[in-house]
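Pasting the structures in now, so scroll down.
Common to both upcoming complexes is chain A, partnered first by chain B, then by chain C.
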Partner chain A sequence: MLDTILIGLSLGSILLLVALGLSIIYGSMGVINMAHGELVMIGAYSTVLAQIHMGLSLFAAIPLAFVVCFALGLLIEKFVVRRLYGRLFDTLLATWGVAILLQQAIRLEFGLSFFGIHIAGLGPGLQSVKVPDLLSEPIFIGEFLIQPYRAFIIIISILLAVITWLLMYKTRMGQQIRAIMRNKDMAAACGINVRKVNALTFAYGAGLAGVAGVMMSGFKTVMPDMGSSLVVDGFLVVVVGGVGSLVGTIVASGLLGQVNGIFAALSNDIIARAIVFGVVIAIIIWRPQGLLNYKGR
Partner chain B sequence: MLKHDHLRIAAYAIFIVTVLSLPVFFDEFWLNRASKYLVYGMLGIAISLCWGYAGILNLGQGLFFGAGAYMLGMSLKLASPTSLQQGGAGPVPDFMLWNAEPGAVTDLCCINSGSYLWLPFQSQAFGFIMAIVLPVLLAFILGSVMFRKGVSGVFISIITLALVLLVRLLVVDAQALTGGFNGLTDLGGLTFGGYEFDPYSVATYYLAAVSLILILLGTRLLVNSRAGLVMQGIRDDENRAKYLGFDAAAYQTFFFCVSAAISGFAGLLYVVTSEFVSPTFMDLAFSISMVIWAAVGGRGSLLGACIGAIVINMLGATISESEVFVESWQAIVGLFFVLVVLFMPNGMAGVVHGWCRRLTTKSSKSEIGGQLQ
Partner chain C sequence: MKFTNRISCKLKLGAFLGAVSLLTSGLTHAAKEIEVGVLFSQTGGLSIVEKSLASATLMAIEEINAKGGVNGMVIKPLVEDGASDPKTFNEKVSKLVIRDKVATIFGGYTSASRKAMLPVVEKRNSLLFYPTFYEGFECSKNVVYTGAAPNQQLNNYIPWLVKNLGKKKFFIVGSNYLYPKEMAKVAKTLIEENGAEWVGDEYLALGHSEWSSMVKKIKDSGADIVLSNVVGGSIISFYREYANQGISQKDIPIASTVTSEIEVAAMGGKFAAGSYTSFPYFQAVDTEANKAFIERYRAYTKDETAVTHHAMESAYSGVYLWAKAVSKADGIKPNEIMEATKGVSFDAASGTMTVSADNLHTSMTPRIVQWNEDARGTIVDEFSAPVIPLPYAAYGETAGNLFCSESGLDSSKL
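Right after this comes the complex of A and B.
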């Protein structure tokens, strides 16, 4: 029973990492970032490349992936998202286009494959990442077996959730983000540089996705289309939790992770995923604003 | 004197004549491909009707397409020679035999649990009708729940997206009943009044072409009707329409159902022309592709979305035949799509509309000038 709960928790914490970024981006900017899953994929590939070309371990890849995705997020915001504020459906479509582009960039090795140049670790094939020894030895606590990698994922997710909470509620920047969430125009009138804050918010969300990618790379094969299903799951979490609500996102990712874990243990993975989708549909129809919605919008 | 309506009628006429005259220029191999593009054109119309005119962005249109495809596909599977010669009393699909427990009776009624669901599909008329009825039924249930509950905007997109993935998983999981990942292959032909529609024939092409034209004209009349105008009013300001006494949910459900019916019919025709059914019809990527076609063609224009779907697929198929572009075609679509959303929010049709407007205003100006002189 305990191991089932632990599996559910680790699934939930991966979901949380993916959903945190989506949630603050959607909440504060009204942008649906369909390329978020591809940012996770880029994070995973940063780990692969760092391991092959620089000999860096998974731990060192965490800040690296954050920085890479943060920078990429800034670029996406500058060239695409910035032009689409207030056009919700268009952000969804344009970022889907960006997602296709990112996927193909990895698959085509940034276009170099046309010139016969190959970069080890990129391309359409499958990649894997070596998990540090520290995290691969199972630990026994009493009679319970604990997979240290799962525990590591949970700890990192909690850590990032706490950092995000601190950023949102204890810093000047966070105060500005929350002001923009409440009322963008009023915030602008009060002298907040909405453009700059939005750009940084988007980049921070992208950075979180990159870290999620590092976590994913440790227990799943890394491939160019690994991100597309993630963004769907992330979105379901965001919507179920209530847009812009950090607590809601945490509760929803825990809930959906557990539902997935329990039903996967009872039947099979496919049925478990199907049940998660069913639960999500039921919740949205029951409470279109999500479980814990951000009041005052 | 040029009027905007005249240009529109001219555009429809050119399109219809082109579609009808293709068999003069192409052989049957190309006609088969062309009929698939026409099917995609129907999906473009369905998306445009639902999204452009009713303001409902359905990210799971593949659900209706897939439902239509599976319904007729089941009938055609039972009509295939291999299904007919399995040694039982009636036809039995081959994959059911592979999945059957040893000693099971080789009969559709009880070869595995649930296989009796296939029994009515021995009649092709049943499969044909269900290919439209089932999508409409699904849309009606889903639509009435969603719209009555006041679910709106992007939440509808998320629900439809989750639903199509849910159904896809269930279809894949029910391997013994649906063929799982493989879908339904090795299908028989659609027979209608003793005539069998060979996918590589002019008759099948005309089946697709005439259907497309009827759907195009039908939806055109629909959006110009009172119901269509009310729907556009609801799209632009739902609350205002409600205060005026219109039942917004009923209109939304109705348009959602019409769009589902068109998609189901498109699924049915796709099976006739391509001779297989696959769970990939319900992949998220396919559903979003449909939205892309409609967005590039112009969501606010039925003809535009239809042509968008046809042209993108035609280009895609042609370009991906040349070796250099096989890999990069996807990237080109992605880039093109981003550019269209950024710079042409109304798609190609929007650009053409702009030209036409300039043309018509210019000519009316010169006319006024002529009167003054």
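Right after this comes the complex of A and C.
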């Protein structure tokens, strides 16, 4: 039973990893970022490339992927999202377009194949990342098995959630973000540079996706379409948790992870997935605003 | 009104031009070139594998052309993209058959894409060369299967695993679609025939890459070997999770029918080391012919590290089998080529391949490989002679009792 709970916990932490970035972007800016999964994919590819070409370890790839995706997030915000604030469904379509562009760019190796240049590690092939020995040897405590890599993911997810919470509630920037969440126009009237804060929020969310990508690369297959399925899972968590609520996101990812883990153990993964969707539907019928939601004005 | 008139006028003109080209095409083609379709996914999730099949096909065509073509005709490939989507395969094969009137189509990787192409080639009496190992259960007069049939992957494999490794309890995992389920059916019969048992069979959605629950289930099932029919990107996360949960390939090895050089290279040899795969061809086949083949392929793709694998070797050999058939055929209509294909054989890198006159499948030599730390395989067992293909092995077909023969499928035996 304990190992089933541990599996659920690890599933939940991966959900949290993906949903964290989505949640703050959606919560604070009202933007449905469909390119989030592709940013995860870019983060994973950064790890692959850093390992092949720079010999960096998985740990060193974490800040690198964060910076790469942060920069990419700034670009996406500047050229696409900025023009679409307040138009929820337009952001959905536009970022979906960005997602497709990113995916195809990786498939085409950024078009460099036209010049006959081949970047090892990029392109449509299957890739994987070497996990540091420290994290790859399973540890047995009696009968009980601990997978260090899964444990590492859980720790990183918690760490990221704590950092994000500190940023949101203990810094001036976070105060401004929360002010924008409550009432954008009023915040602007109070002298907050809404444009700049939004750009940084979006970039930070993208950076979180990059870190999620590094974590994914350690145990999943890295390929151009690895990200597309993640967005759906991410949004399930965001919607169940309650828009804009950090604690809600954490609770929802834990809950859905456990439901998935337990039913996968009892029956199989396909039925577990159906049950997860059933639970999500039930929750949003019962509480349309999500499990934990602040009172908006 | 004017609009519809214009359309009907265009249609008439088109029909006229079509008729003219139909009358002349036989003459002009026979003089210079013979057109064939090459239909694999150049884009989408399956492009990883299918691009290698396309390059192997094109490489064979280029080689044959360099030697003067077939019967003095230059082979002209019309390359189309199936986009990893069965519906696109159906549309593209229709285009190749109906509009381009190609003599033959080389293409298809997944069973879904083959099933999408099948009605078109059968209805139009065209000819398809299908290079992938597949689940059997087909008896078409319009498809030449140059990949392994289930019996060529499993008939030596299961007995070998039971006898040589002493394994008694099989856990069968697969992706949730046709091929893995049919393969499981064949495997279950063989497992029971060999005095072993299967303790579970489970399937995951295609492309699924979260293996934690499944691997735990395998661990808890008491199985001493895993038979894997998992395909695509899921393979890598499966083997990795397997190692991460502390299962050793020594204790409970994974025996696969799909995991090829491509996936092993991608996951890293460490995770595959000690596991097994059964195919008629491996890069590890130790013959001069194979070494030369690998070198030519690497030169052709300009990739020093390119790996060769079973389906691509079959795609390559398929073109040669076809060329031999064309050179002895009376003409270049699909049914004339098809008739000439029967009994044709080719000395491929994997050994001699012969197209069976009965079911248009190809006889080939099954082999078993054990993967090493360095992502290479060691051949641990191989048949001494090519094995006759039996697409209905799951339903009791044997060499002495063919279900699919030249006169068609005897469905009373099913």
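Criterion: the second predicted complex is superposed on the first by the 293 of 297 C-alpha atoms of A that agree within 3 Å, B and C clash if a C-alpha of one lies under 4 Å from a C-alpha of the other, contacts with A are read in each partner's own complex, and residues count from 1 in each chain.
Keep this in mind: a contact is a pair of C-beta atoms (placed from the backbone, for glycine too) under 8 Å apart; a residue touches a chain by one contact, two chains touch by 3 or more.
What you see is a predicted model, and the numbers here were worked out from it, not measured in a lab.
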Please indicate which partner A:183 is in contact with in the superposed arrangement: first for chain B, second for chain C, both, or neither. neither
May I ask you to decide whether A:80 touches chain B, chain C, both, or neither, giving the answer as first, second, both or neither? first
Looking at A:89 after the superposition, I want to know if it touches chain B, chain C, both of them or none. Which is it: first, second, both, neither? first
Partner chain in contact with A:138 - chain B first, chain C second, else both or neither: second
In the overlaid three-chain picture, which partner chain does A:10 touch, first (chain B) or second (chain C), both, or neither? second
With the two structures laid over each other on chain A, which partner does A:107 touch: chain B (first), chain C (second), both, or neither? both
Now for A:171: first (chain B), second (chain C), both, or neither, which partner does it touch? neither
Touch check for A:270: first (chain B), second (chain C), both, or neither? both
Go through chain A and flag every residue that touches chain B in one model and chain C in the other. 107, 268, 270, 273
Give the list of chain C residues in touch with chain A in this complex. 43-45, 47-48, 51, 176, 202-205, 207-210, 212-214, 216-217, 233-237, 240-241, 243-246, 262-263, 266-268, 303
Of chain A, residues touching chain B in the complex: 32, 80, 83-84, 87-90, 92-94, 96-101, 103-105, 107-108, 111, 113-114, 228, 232, 235-236, 239, 268, 270-271, 273-274, 277-278, 280-281, 284-285, 288
Mind pulling up the chain A residues that touch chain C in the complex? 3-4, 7, 10-11, 14, 107, 118, 124-128, 130, 136, 138, 140, 145, 147, 149-150, 219-221, 223, 225-226, 229, 261, 264-265, 268-270, 272-273
In the complex with chain A, residue positions of chain B that touch it: 57, 145-146, 149-155, 157-159, 161-163, 165-166, 169-170, 172-173, 284-285, 288, 291-292, 295, 324, 327-328, 330-331, 333-338, 341-342, 345
